[in-house]
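Input: structures, listed below.
Common to both upcoming complexes is chain A, partnered first by chain B, then by chain C.
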Partner chain A sequence: MTSGIPRVAVLLGRRLLLLVALLAAVFAATELLPGDAASATSDRGETAAGLAARRHLLGLDRPLPERFRDWITALPTGDLGTSARGQHVTDLLSAPFPNTLLLGGTALVLTVLLSLTLGCLAAARPGGPVDRIVDVTATVAFALPEFVVSVGLLLVFSLWTGWLPAATLTGADGGPADWTMLVMPVLALTLPQTGWNTRVVRAALADQAATPHVEAAVLDGLPAHRVLLRHALPGALPAVATGFATSTGMLLGGAVVVETLFNYPGIGTVLAGAVADRDTPVIAGVVACAAAVITGVLLLADLVRARTVGARP
Partner chain B sequence: MDFTRRQMLLAGAALGSAALLTACQDGGGTASTGAGNQPRPGGTLRVGALGRASAITRDPHGNQGNESDYLVIALVYDTLTAPGAKSNTVGRLAASWTPSDDLRTWRFTLAKGAAFHDGTPVTADDVVWSLRRLRGTPAGAARLPGIQAGNITADGKDTVVLVSDYANAELPLLTRLSTFVLKKDTAGKDLAKAPGTGPFVLDWYRNGNARLVRNEHWHGGTVLLDAIEVTMFESPQAMANAVLAGQIDLASNAGAVAGRTAAARKDIQVVRRPDDMALPLVMRTSEGSPFADPRVREAFKLVVDRPAMVEQTLSGYGTVANDVLGTADPAYAKDLPQRARDLDKAKRLLKEADFDLGRTYELVTTEDVAGLAESATLFAAQAREAGIRVEVVKQESGTFYDRTWLKGDFYTNYWGTNDSVVFFASKTLVTGAGQNEANFSDKDFDAAYREVLATKDAAERGRKLRELQRIEHDRSGYLLWGMADGIDLAAAKVRGLPTLPGYGRVQLENAWLAR
Partner chain C sequence: MSAPGLRALPAAALALLALSGPLLAPHPLDTPVTAPYARPGDGAALGGDQLGRDVLSRLLHGGDALIAGALAVAVTVTLLAAVLGCLAVLGPRLGAVVERAADLVILVPPVLGLMLLALAWPGGRRLAVTTAAVVLGTPYAVRVVAAAAAPLAGAGFVEASVASGERLWRVALHEILPNLRATILALFGLRFVEAVYVISMAGFLQLGPQPPEADWALMIRENAPGILLNPWATLAPAIAIAAVATATSLATEALAPRRGGKVAAR
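For the complex of A and B:
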């Protein structure tokens, strides 16, 4: 059996390679889109010579591999390059990225708490009324896109009742001016993911219920909640952790939609605009930040699984 | 999303006729009772403006992609001249201007008492430095066409002299939108905090959002508001929601859909700024295009049902147009006969021109601005009634500008600068113009254009301008069926709002809040 630290290193190395490949793909994909950053961000009045000058200024006249190499080698120093409009990408992301982490992180914590609670409640009495209600509700919640949830929340809690602010206004510090502005965006992200994860938890617990050690615990006459929390849940953790890790990606993806609808100042809105501008350094910068987070969470999930299931490189 | 970079880039300044402006102000739903009508100082106006975090620019001479950034810049810095109501060009930092007899040399005199926010008086040197800086940007040649950097000079402390490469009676028009004046030798790294001379002083700016406070000593008059807070919105929907929920007082350029939503609300004013955006269909006029024959172009102009287009694609927030661009120009030829639908004449013209009715014609469009794709679809349906088969092809914005714009035979487009007939003539109609979208080339038109630019006498120039518009109306490649209004939503207490189209929407220095 290999020791813990090298295995983490191997996992990390593999994820890093994947990240570089992903970023290369982002560069290539942006290149395939029609038009380029020089034309997308210029005034309509600009002459062909002016456009060529802009193209040169932005380095777009150099081959793609060269541009990628320059960008990726600067990445470890924390330099994400310069946007097509001349702003440092790190400056563009310095306020939005923590905001998205706050939004996504809160939504993830809520998702974890809610889906574990609901999943356990449902698994406590398989086939009982609670189980059936949770099952149906979770399926419906997961089937609803963030867009639909957001519009529903907006209508009910803002435009009809006026209880919560409809849009996020930004304060002088770059974050939401008031915490109530976070409520609806967080809920819009949490609800669908809770639906998904509740089903994962419920199914993993059902699998565990059929294992010999859980059956033995039941035959020993242990109370139901003790069997569930002490005997079934630990075994279900690898599957559950993977479910949550997957949700991280979907939360960040959903943030693009939710941030736009609630005017939340996060990287989702930066990304949407950057794609329209063909602004490769900005797109790659957002992807690098998001991928770093997802990689971190996936790594954690891997470690949880490795710890529970036993060493498996 | 119906909000794109080009809408923002192009929503140019324009001017509504005085009559339309008055009508618009009255129609704004402003409560007009008692003390609420007396302008009063004080209060903070919370403004929402469209913008994208990825497109943020702080450089006053940069490529402003965001309405929110332009709003902040236009309130902190002054341009030499500005869009106006009675004339399309009014003074701002320049109090007056006079041309030489050959219309090539223009002398601008700076406003008395103009000073930067730190108290330093503005000198002609500051203006010259700023204009040369603007001229030196990649888009400089398009922003100050015909004016070399070396031909921008100071004459004493308060006079700036611009010499054009050719006679240009409309030169002051060029100095309205991006000639923001900074202190001489402002370093690039200090741009974000550089003092301006405008009606408001920057308090803070953070990721597209900003707070501005009143400039007590503005040369242009008394500013009533204590402060303006600008919030950047990615989507018009979120911005409309914010004004409906009372989080902001003004949603700038919210669009027709938001206007329709808010129309039922008594506590919200729907401000219409006419002639905000032109949404023409472009027919390629050169050899090889199915529209090369002017009779075909005229037939298409007779096929479109203009009132139906305005009603259905703009939700009624617009006006019918007459195939001449620059509808808000005081010199716009209102006396040209209004073209109306005439299917019989259209069919006759098509027959005379031997137009092939057997094939299907592609009309390329985008969803860059609200109503654009809808206008293409509705036109296709109307054309069918004349026996013409039109198929609408929708392209993503980037693809459109790469492949179709300036090249295609038949496509939709939009323009935001609508207060100058000459602007369109120079940019899109004269032979060889940089953005001659329909590849229009007409000897009579070119001659009329040159005469307009070289005529000093206003009445005489007006006559020549009418001749230019007559030719454009008769045979250019533009089918301009209507003009979209600019729509702002405002809380009932907001008064003194801007009513000019295009960039005129940023003129918030006269706004005030009623009790």
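For the complex of A and C:
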């Protein structure tokens, strides 16, 4: 376990196993539904025989384990299955999912930068005015649901000042037409998560400040910012990385809601339609994509933790 | 009253106001009293919504179910977490199960989990949402309690009572739990904030309460298209949700143990 490569393999294997377990649970949960995709998308007056034929066409009459096996073995090839309306799920998601990733990814980068900065600023003088202001602001911010933040942003930036457009216009490539349309959705996602992660950074730094090697650095008379950045921050990174990984899921989920409010061309719209149609493959496809992204970020957090722990004698 | 007690006061006052709100509403819920999206004016202090119904009356009616639901979720999750967390540190097998469950739940964004459960249970409405909030929240909460309880499991008085043949659940409830009061209280506050988040999110996505019910999150969804005409129809419920969530969050912060467990995982 001490050499680099096997440790990475162990971490990767564990995360993949968890991902497969989750996909199995999701697939099973959607199969417990009272209705299925064939009946949800049937036209009024369709005969029972017609319904059965469509059920056969969609492969819904095959046993559950067999269908799950087919679905999950096709996943690594990029084939997410067929929706209840007969479209490839990959085709349905390929245009909007990158837009959602752009939205969530930008918000994640901003969250990381802002919360590390604010957390370090607050930790520089524990109990000082900056620390207290950051603490209260972060505590308020993380409690706000994204759509409530969105309403506030809409009011300030669209209604009162008219600086930013209230709705997203779609460009020729299917993405947002203009970067200004990303500003409010990204801010709505960033503010609550920054609140949360600033608290994580601040608490992790406080824990580090009590460790012997940081206390020794302080007693050696090193300047405060050097102690913070070179001695306390490295030890705080594992906890901080896990915080960011947790935020990834919140950002993807929040994106679905924020997209609805700003008419942003992401997976939110696809998801709403799929819920109405009881379209198991589409929902399972979205969960699979989201879970894969989160697994990737968690794996990164694992690696940061393994490096930090491994680097210590 | 102590300082932390004072800082919990706004949250309690808001919750009481929201729960007794329906008694104070000046107009009936479902009858139009103004033009659609009318600006605040005589008889309607906050104007009308998309059907001309009184925004103030709907605002006063729209919070009781959210707060009652969030309280129910927070109480259930905290109780489950307190018991399971204390047992988990005494029994490694349960501890491992809890860890794996938390690892799995972290992969499902709350909104997607909500959609799945609301689908699986078409008639469930608010109950489906409450269940989703409990299922998604409990594994983390157990992890938080287990982390706080871990140092106690090795403490002399706990080991002594295990060695003397006490049943595990008695040790958990009588020896460990009473020492975790601050952690449990902070956990309860955080779970309440999270429950407000999940339940209002469901309302906004129209997965829980259905029109024509008065519900803060649903009001925001319904009235957002008319935000230019009567901003208050959207702004007032947004302020209400924000006030409840932040007041609870600040109260939790005041009550939380100063070091360790200050940041409990979501």
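Note that in this section the second predicted complex is superposed on the first by the 302 of 313 C-alpha atoms of A that agree within 3 Å, B and C clash if a C-alpha of one lies under 4 Å from a C-alpha of the other, contacts with A are read in each partner's own complex, and residues count from 1 in each chain.
Definition applied: a residue touches a chain if its C-beta (ideal position, glycine included) is under 8 Å from a C-beta of that chain, and two chains touch if they have at least 3 such contacts.
Just so it is clear, the structure is predicted and the values come from calculations on it, not from any experiment.
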Task = Would you check which partner chain A:Leu189 touches, where first means chain B only, second means chain C only, and both and neither mean what they say?
result = neither
Request  = Considering only the touch criterion stated at the top, classify A:Asp173 as touching first (chain B), second (chain C), both, or neither.
outcome  = first
Message = Output check: A:Gly249 vs chain B and chain C. Expected answer is one of first, second, both, neither. What do you get?
response = second
Task = Have a look at where A:Leu154 lands relative to chain B and chain C in the superposition and call it first, second, both or neither.
result = both
Inquiry  = Quick check for you: in the superposed arrangement, does A:Leu22 touch first (chain B), second (chain C), both or neither?
reply    = second
Task = Considering only the touch criterion stated at the top, classify A:Leu261 as touching first (chain B), second (chain C), both, or neither.
result = both
Contacts of A:Pro145 with chain B and chain C, given as first, second, both or neither = second
Request  = Answer with first, second, both or neither: which of chain B and chain C does A:Arg278 touch in the superposed model?
outcome  = both
Request  = Once the structures are superposed on A, label A:Leu116 by its partner contacts, choosing first (chain B), second (chain C), both or neither.
outcome  = neither
Key: Doubly contacted chain A residues - partners chain C and chain B   = 33-35, 154, 159, 166, 260-261, 271-272, 278
Query = Which residues, counting only chain B, touch chain A once they are in their complex?
reply = 1, 4-6, 9-10, 46, 48, 52-59, 62-63, 65, 138-139, 141-143, 204, 206-209, 211, 231-235, 237-239, 241-242, 244-248, 396-399, 401-403, 427, 434-435
Key: Complex contact set, residues of chain C against chain A   = 100, 103-104, 106-112, 115-120, 122, 193, 196-197, 200-201, 204-205, 217, 220, 224, 227-228, 231, 234-235, 238, 241-242, 245-246, 248-250, 253, 259-260, 262-263, 265-266
Message = For a test of understanding, state which residues of chain A touch chain B in their complex under the given definition.
response = 33-35, 39-47, 50, 53-54, 57, 83, 85-87, 92, 95-96, 154, 158-159, 162, 165-167, 169-170, 172-174, 259-263, 265, 269-274, 276-279, 282
Request  = Flag every residue of chain A that touches chain C in the complex, lowest number first.
outcome  = 18-19, 21-22, 25-26, 29-30, 32-35, 135-136, 139-140, 142-145, 147-148, 151-152, 154-155, 159, 166, 196, 199-200, 203-204, 206-207, 245-246, 249-250, 252-254, 256-257, 260-261, 271-272, 275, 278, 283, 286-287, 290-291, 294-295, 298
